[in-house]
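Pasting a structure below so you can have a look.
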């Protein structure tokens, strides 16, 4: 752990309960539905941080900037000229069958050409020390608020640890976010659109609103008049919104453009957006670039748009869509992880090794019938991280969601959300499936 | 920011009301706790102020229902939950700090349920509410926002004092606080007072004698304080 | 080439007051390679300020917001256009080759396609489009009142009947399965007093029009109002409103001469 001893940390913290008590006090929660009933759960925090040394981070940072820049170029291309398809790098099918592709967004040029303002890139570190990209989240990636508040509280609980180690301060996230919002502001106030209190990430929506000085809004407080988005005030007036950081999915954003049955959207928001009167963060239509099927092509995009070799590796991935890959997948299905491209949040992920021979055969037939629906990946032997459990240190699988913000320049937040699995046998690290989080330290030297 | 929606205005107002209801309820229950040492069923007077009859086995049963029962709209637990519900959607207006005191108040109440002597731990619940109000003064820069919460608070206080038949001195204080807050509410907003009803209240609490006679009229007028004035055709 | 006068009137009546009514209308015909809009005049009542944009499919969108209470929304367009179907449009979009919400085939429609595709031996898109349109007129009957605007191609095909919208959706579905890009056209035609719908398919270098409900080619008597992947992209009016209304009454009258 880069010179930091686990013992030193656990001693300083004494007991994780203290920090969890503080997190509880500050209401660090996420919402979850159990048997149809909404519950707020405290997000369990493990005090032993993930530590990334300065040199490693430099290379991760370069790789992430490169990746997100290429993804932004890709999105602009797909909704305009489509050169990457014309040049045969990405097969047309993969774009237009993707549920994330929104034809309604064709020809729209978002402010400054930025589509993915906030990208959450999930990585894992292999036992060989190499970092691999697991997936890109370019729609509404969540989770930045948790390490942000956890850092604030761990610095209170164990100042000595921070005094002795050169940990880059991560509490600039809200400022970065504010800069990113202001960079594309079309004239007006900043607002964060939430579907409401009963959303899993409501804590984050309200926390980021507070810390970026944005107004937290729901759709019934907003309206579009003369293609301008307004906040309706209680005195009967209106305040113009110049940039909307929306935390609701594309399909629900505007019932007059997308799903007519959406009750959480803003009618004619897309007209205001198309007219250039409001910036939407992230741009609608980004789903085409973080599709599990498109993931395979990201290294090719980097070469195509930037003329550079990709710095960060993808996990070795096969597309059953290609005959050669399909053959490999069908033969080796028992050792691969298969992902359904239509599912999110840790669902639709199947490890071949967990399946009976009969189930495997069934799965093979599904792949043959619908090759476009799946991708297959080699199982990466990730580096386990220590977590505290009942006073003992145990090793668990963990991933890292890095946050990349595209404003005037593309910046990587020197931290990230490290999520771990509680279950010793599980590879799935998702807060909606149990598990907790850690702070991520980036050392400054 | 300076932009308040109808929905947020509503939450601000009710946040003030429920926090105050929690606080006054806590104060009253403290008194009842004290009386409980000497007498049984000592809370009937309190119940009658709300038109409720004594359906409780004993003092402890009453406390269980009025401190901890989240389904009883007159309980402390209920008021705190509602205060929290209104607060949670106002984080960017009232601050995470203010919200943390409501969370702590809820946690403190929950913990006290398991205590041998809950009164001791209820003292820190009182501190939590003081802490909450401290944050409201400390962190809310926008006077308009602050004032809506304060209006809710002082209106709730006068309402409860009238119902609980508090002495004239306390009523007078609660009334002048409320008028001070109401005067600062801008015209054409939902919490601008209706002067007809404010006059009625003012009249009813003008003197101790009048207060004895007209306290229920004052209570009724208070319910209509934000009614839109009738427009003469 | 032909000069046409067109008009299009819609009255939406609510049975109770509505307010905060946002709407998006697609009623102004687009200026294209083969249709020139010489002049037009739009009237909307109650009075409301509106804005124009062009959507992803090239349609003119008129957006507005009526805040105060009202019980009706009337809009009318009158204008003059020059239509020249000799000239062909070339505004291709690859999304027209892929299935959409209302045109995705079900098993029955896919099986129908598979049974019939080889009955036409030609590989020429024009011939194939005519073949499929002909096939539909043999298979489906024109019948009003059995389908609505949300009916999918699969549902209309299952009952083997529908109106011009349904014929168009089914034909689009068949053409796309056949690897021919096709789009939905909402417009005005000489044949009737309501809005009409037909199909344009991509023949490799340009769009050609075909009217499956009448099983004929389109000509100068067809004026395009909007186009898209299916009806959803072309809806004349979409709106969201608040209030205690329980139903809205739609009255449409069109004229082309």
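List of remarks:
For clarity, chains are labelled A, B and C in written order, and residue numbers in each chain start from 1.
Just so we're on the same page, a residue touches a chain if its C-beta (ideal position, glycine included) is under 8 Å from a C-beta of that chain, and two chains touch if they have at least 3 such contacts.
This structure is a prediction, so every number in the text was calculated from the model and none was measured.
Chain centres computed from CA atoms place C at the largest separation from chain B. Distance from per-chain Cα centroids to the pooled protein Cα centroid is smallest for A. Chain centres here are Cα means. That of chain A falls 39 Å from that of chain C. Once the centre of each chain is set as its mean CA position, chain B and chain C turn out to be 59 Å apart. Chain A and chain B have CA centres that are 42 Å apart. The multi-chain contact residues of chain B, meaning those touching 2 or more other chains, do not exist; every residue touches at most one other chain. Looking at the complex, you find that chain B touches chain A at residues 1-9, 88-89, 91-92, 95-96, 99-100, 103-104, 107, 186, 188-190. Chain contact summary for the complex, chain C toward chain A: residues 20, 22-24, 49, 51, 53, 55-57, 61, 63, 65, 67, 93-95, 97-98, 229, 233, 238-240. Against chain C, the residues of chain A that register as touching in their complex are 82, 85, 92, 95-97, 101, 103-108, 223-227, 255-257, 260, 267-268, 271, 274-275. Within the complex, the chain A residues that touch chain B are 24-27, 189, 197, 202, 206-207, 209-210, 213-218, 220-221, 231-236, 239.
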